[in-house]
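First comes the structure, then the notes that go with it.
Letters are used for the chains, namely A, B and C, taken in the order the chains are written, and counting of residues starts over at 1 for each.
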Amino acid sequence: MKNIKLILSLLLAVAFVALLGACKSGPTTIDPGKKPLKIGMTNPITGAAAEKGAPMAAANLDAIEYINNELGGVSGQKIEVLSLDNGYDAAKAVTIVKRYIDEGYLFFTCASSGMMTAMMESANRASFPGIVAFSAPNLTQPPQHIYGQTPDYGDDWVAFANYYLKNIWKGTGKPKMALHLLNNSTGAGAKKAAEAKASEMGIDLVIVKEHAATTSSEIASITEIKAKSPDILYISSTPAPTAVIIKNAKELGMYPGITIASGHAGITKALVDLAGADVVEGVYGVYPTVQWGENVPGMAKMTEYVRKNHPNYEGNADYVVSWSQSLIAAEILRLAVTETGADKLTPRTIEEQGFMKLKDFGVGGLHGPVTYTPGDNRLSKSVRVLQVQKGQLIPITGWIDAPLIQYAK
Amino acid sequence: MAELLQFVITGIAVGMVYALIALGFVLVWKSSGVANLALGQIVLLSSWITYAALVQMGLTIWIGFLVVIIFAVFLGWIIERVFLRPLIAQPILSLITVTLGLAYFIQGIVVFLWPVSVAALPRMFPVEPIRIGPAVVSQQYLWAAAISLFLFIVLSLFFRFSRMGIAMRATADDQRAVQACGIPVTRIFTLSWIFACVLAAVGGVLMSSIGGVTFGLVETGLKSFSVVILGGLDSLLGAIIGGPIIGLAENLGDGYLSRIIGWAGIKEIIPFFIIIIVMFIKPYGLFGEERVERI
Amino acid sequence: MDLPAGTRNYRYADDMAIFRTRTQKVLLALLFILLFTAPLWMNRTWLGVANLIGITIIAATGLNILTGYCGQLSIGHAGFIAVGAYTSAVLTARLGMPFIAGLLGSGIIAGLVGMVFGIPSLRVKGFYLAISTIAAFFIIIWVITHWDSMTGGYMGMSVPQASLGPISFKSEESQFFLIMGVTVLTIFFAKNLARTRVGRAFVAIRDNDLAAEVMGVNLFRYKLTAFFIGCFLAGIAGSLRAHYTGFLSHEFFTLTDSILFVGIIIIGGLGTTLGPILGVVFIRLLDQILTHQLVPFIEGTKVLPAGFASGIAPMVFGLAIILFLILEPHGLAHRWQLFKASYRLWPFSY
């Protein structure tokens, strides 16, 4: 009886091993010729960041559909996308990027800086390039294989501070600035830039306050800020807490009165809806892409596709960013294919012949121009200043450059 | 001095809203001993239903509100009947974990039905803030505080004088004795869950009218835990008093402590420090009943 | 330990052995061979999943010792993992110590922090303790995000690669050996802990702590020991995680993760050694299938409007936890025991 059991268990074990053999699937053999160009795109479609991740993933795929169907792909070859949801979970993101590396994808894109920090080391160790839509200094400095599509929150601050000093500040001496920051890298990014550059630019940082994304009342902190009588309040946060802060500022009589400006994470239509158009009238903000409905070459196709596939995302600012990201990805592929030929593409050649050869790519006017400069892994370095006028976000400048900030180690 | 008044008033007003959500928790705990860890998500779901009723279906405020209340009743009934009834005699850990699983499930439903995860409710209260001396309070907070107080009084009266209320208190005390008296215990559980969901719905509507419908409502649910711990898990009075205390501590701490210590984000951590301190000093809360255990 | 009929123990060593029969020993050897030659036949994606499973098993085993064996409900486990991760990162990156010091240091410091936050367990139990562990989680994350000089605050910090002497664990395969080695050690430790005096004291405390105290079990000492051991293992898991990912950010450790850990050990089976393993494997595989196979599949067929399918994953998760608790409240490990018993007794039913 014991021997039969032993044999049975061994048979079971062998069967188990055979099943596990199914887990082995190396890179598939590809016949030479018109094989599709494979890129990976991962976004937080579900989870804590779903409000941004879902439209961004949709935009990524819509733009690729547009390129494949109407432009015939890149130099005649279709782009194949594996879109995976990282659920804003670091562990999942790591498995996703490893899968991209393992299965021979050429490069990957991602929407969120938080998720990119999780994937960064794995990608850098394997020299696997990636583009992140919303960037942060820890991703692009020191420059390795991660490229930031848009300027980060610190760059926003510098760009607006420049604009403020030149165009809005009318007094003498140094203007007094108060910062209200979200308790994550969005806020910290602006804080680091402000601390590094404020005195150099001639701005006096009088008070820095922090808040959580879930705050429902900032009366206490605004009261404190009011006591310091600043000239400008810069908020680097997402729409919901920004709305709360501006509402509270209005209740305490601070606004209208001082200047209020927001980084690109907060200055969206959601802010106007949540706070009410009358409350946020006159608030400034910086944003790295155009607004819906502006007259630029790329607007028509984007509007057509969003109405066809995802009509409820029309008007969503994040959609514009990710649509542009796909256009940039296609441009990178085009440059690399033209230079090297589609058969010899590897992640390294994509980086050297694609990423690093980007020069003045206009992205259909949807974006600041995209150029790679050595030592600076930010692809687009410019933003525009907007102002809320009668409930609409109206751009009041052209593309302003945000210079590279070298943070002290 | 004006600052102090401002902090105090804001703190109390905000705290009353926490108290409202905490009331729902205390109700369920009091009558069935189940810790409802899905509280935040129930608040979230109710807020989204409000959004659906008021914005997507365009109903007027009062009718929309009624729809939300009816939905909350239905939700409470379903949760108790489908998810908790089968586990009626299991150890408490299983029940808590079921509410955790429920939390995940409800979150999935919210994402499923409303892929856009931030929405604004139409304005329900006038925007002009009220001035009390040199301090300013938004009318939304005052309404929220008033509604919480009103509901608390209604609930207290209900528990004191109505038959069902007395039966619920008896069930919290000793389930077996109640069964011996012929009171249907399962019906009491259902009723307490229905109450809890209705309270969470009202709290959700109030909170989202202040800050919009976002996933942050879940974290506000977590803050109500600190209210519950402070006030005592099985005390309604504790919830109503604990709420303003936590709100006060948050605002005063933000206002004054951060000047002394210089850490910017201290407001976030104050409720949790309070929990730990209460655990050390008075583990059952200010008004909670001390549990006497026998072998 | 159920043994097949006809197994007779003539010596004490036989009675106490974990792997008693020849079948069990052969199967164990097979398992080890399979496991440690995995890099040869598993592709890198699955190796990555296996690595994550290994790290999660270590943390889940720690939580199982704390909650399953000792009955102290802790919903702040992700916080202790974070302590371990950041300790290891700070020791290796900022203070330049070798990896082994980082690994052990992270365990010890996480254990000590766990002990501090476990002190309320001496006064309260059940749900109250759970709330204080949630508070512990938030306080830990707050300290991590505000201690900028050490931890990089909100921007996070990078972690050097693990290395033991001359061997640097750079590739997926080498990390697999490191992680699996530590996992196997942890499981043996947990299995043996349950059989010692300390383990028995834990179980006594879980079943009825007043009676245990009357019997002479020093509650103070043993409860704190449970917190220390549970959080020590969490710290080790955190350290491995930090060196595996290469970068640390406070966003990697969420309350949802803590709750997930509790769900994992319950699904796996509280108070058993096999429980955490089964629970982790089940949850991670479910996650993997949902994310990588099911959702793209549903999106691909375009049956539902875009974005709808992504709400399915949390729904299925929550439903899985609830169904498990309703249908099999003792977890997968219990199911496995029943299966083994019926297999042994087949064709008889008892």
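Just so it is clear, a contact is a pair of C-beta atoms (placed from the backbone, for glycine too) under 8 Å apart; a residue touches a chain by one contact, two chains touch by 3 or more.
All values derive from a computational prediction rather than experimental measurement.
With A-B and B-C as the two chain pairs, more C-beta contacts join B-C. For chain B, the chain whose average C-alpha position is most distant is A.
The centroid of the Cα atoms in chain B and the matching centroid in chain C are 32 Å apart. With centres taken as mean Cα positions, chain B sits 35 Å from chain A.
Shown for chain A are the residues in touch with two or more other chains, namely 46, 48, 50, 54, 183. In chain C, the positions touching at least two other chains are 145, 307, 310-311, 313-314. The residues of chain B that reach two or more other chains are 111, 115, 264-265, 268, listed in rising order. Those residues of chain B whose C-beta lies close enough to touch chain A in the complex are 3, 6-7, 10-11, 14, 17, 111, 115-120, 123, 127, 129, 136, 138, 141, 207, 210-212, 214-220, 250-252, 254-255, 258-259, 264-265, 267-268. Residue ranges of chain B in contact with chain C, taken from their complex: 35, 37, 83, 86-87, 90, 92-94, 96-98, 100-113, 115, 222, 225-226, 228-229, 233, 263-265, 268-269, 272-273, 275-276, 279-280, 283-284, 293-295. Of all residues in chain C, only 67, 73, 117, 119-120, 123-124, 126-128, 130-132, 134-136, 138-139, 142, 145-146, 208, 210-211, 214, 255, 259, 262-263, 266, 270, 307-308, 310-322, 325-326, 329 touch chain B in the complex they form.
Across the complex, chain C meets chain A through its residues 4, 6, 21-23, 26-27, 30, 34, 41-46, 48-49, 52, 145, 152-156, 158-159, 170, 172, 244-247, 249-252, 254, 287-288, 291-292, 295-296, 299, 306-307, 310-311, 313-314.
The residues of chain A lying in touch with chain B in their complex are 46, 48, 50-51, 54, 181, 183, 208-217, 219-221, 223-224, 227, 239-240, 243-244, 247-248, 251-253, 270, 273-274, 276, 278-279, 312.
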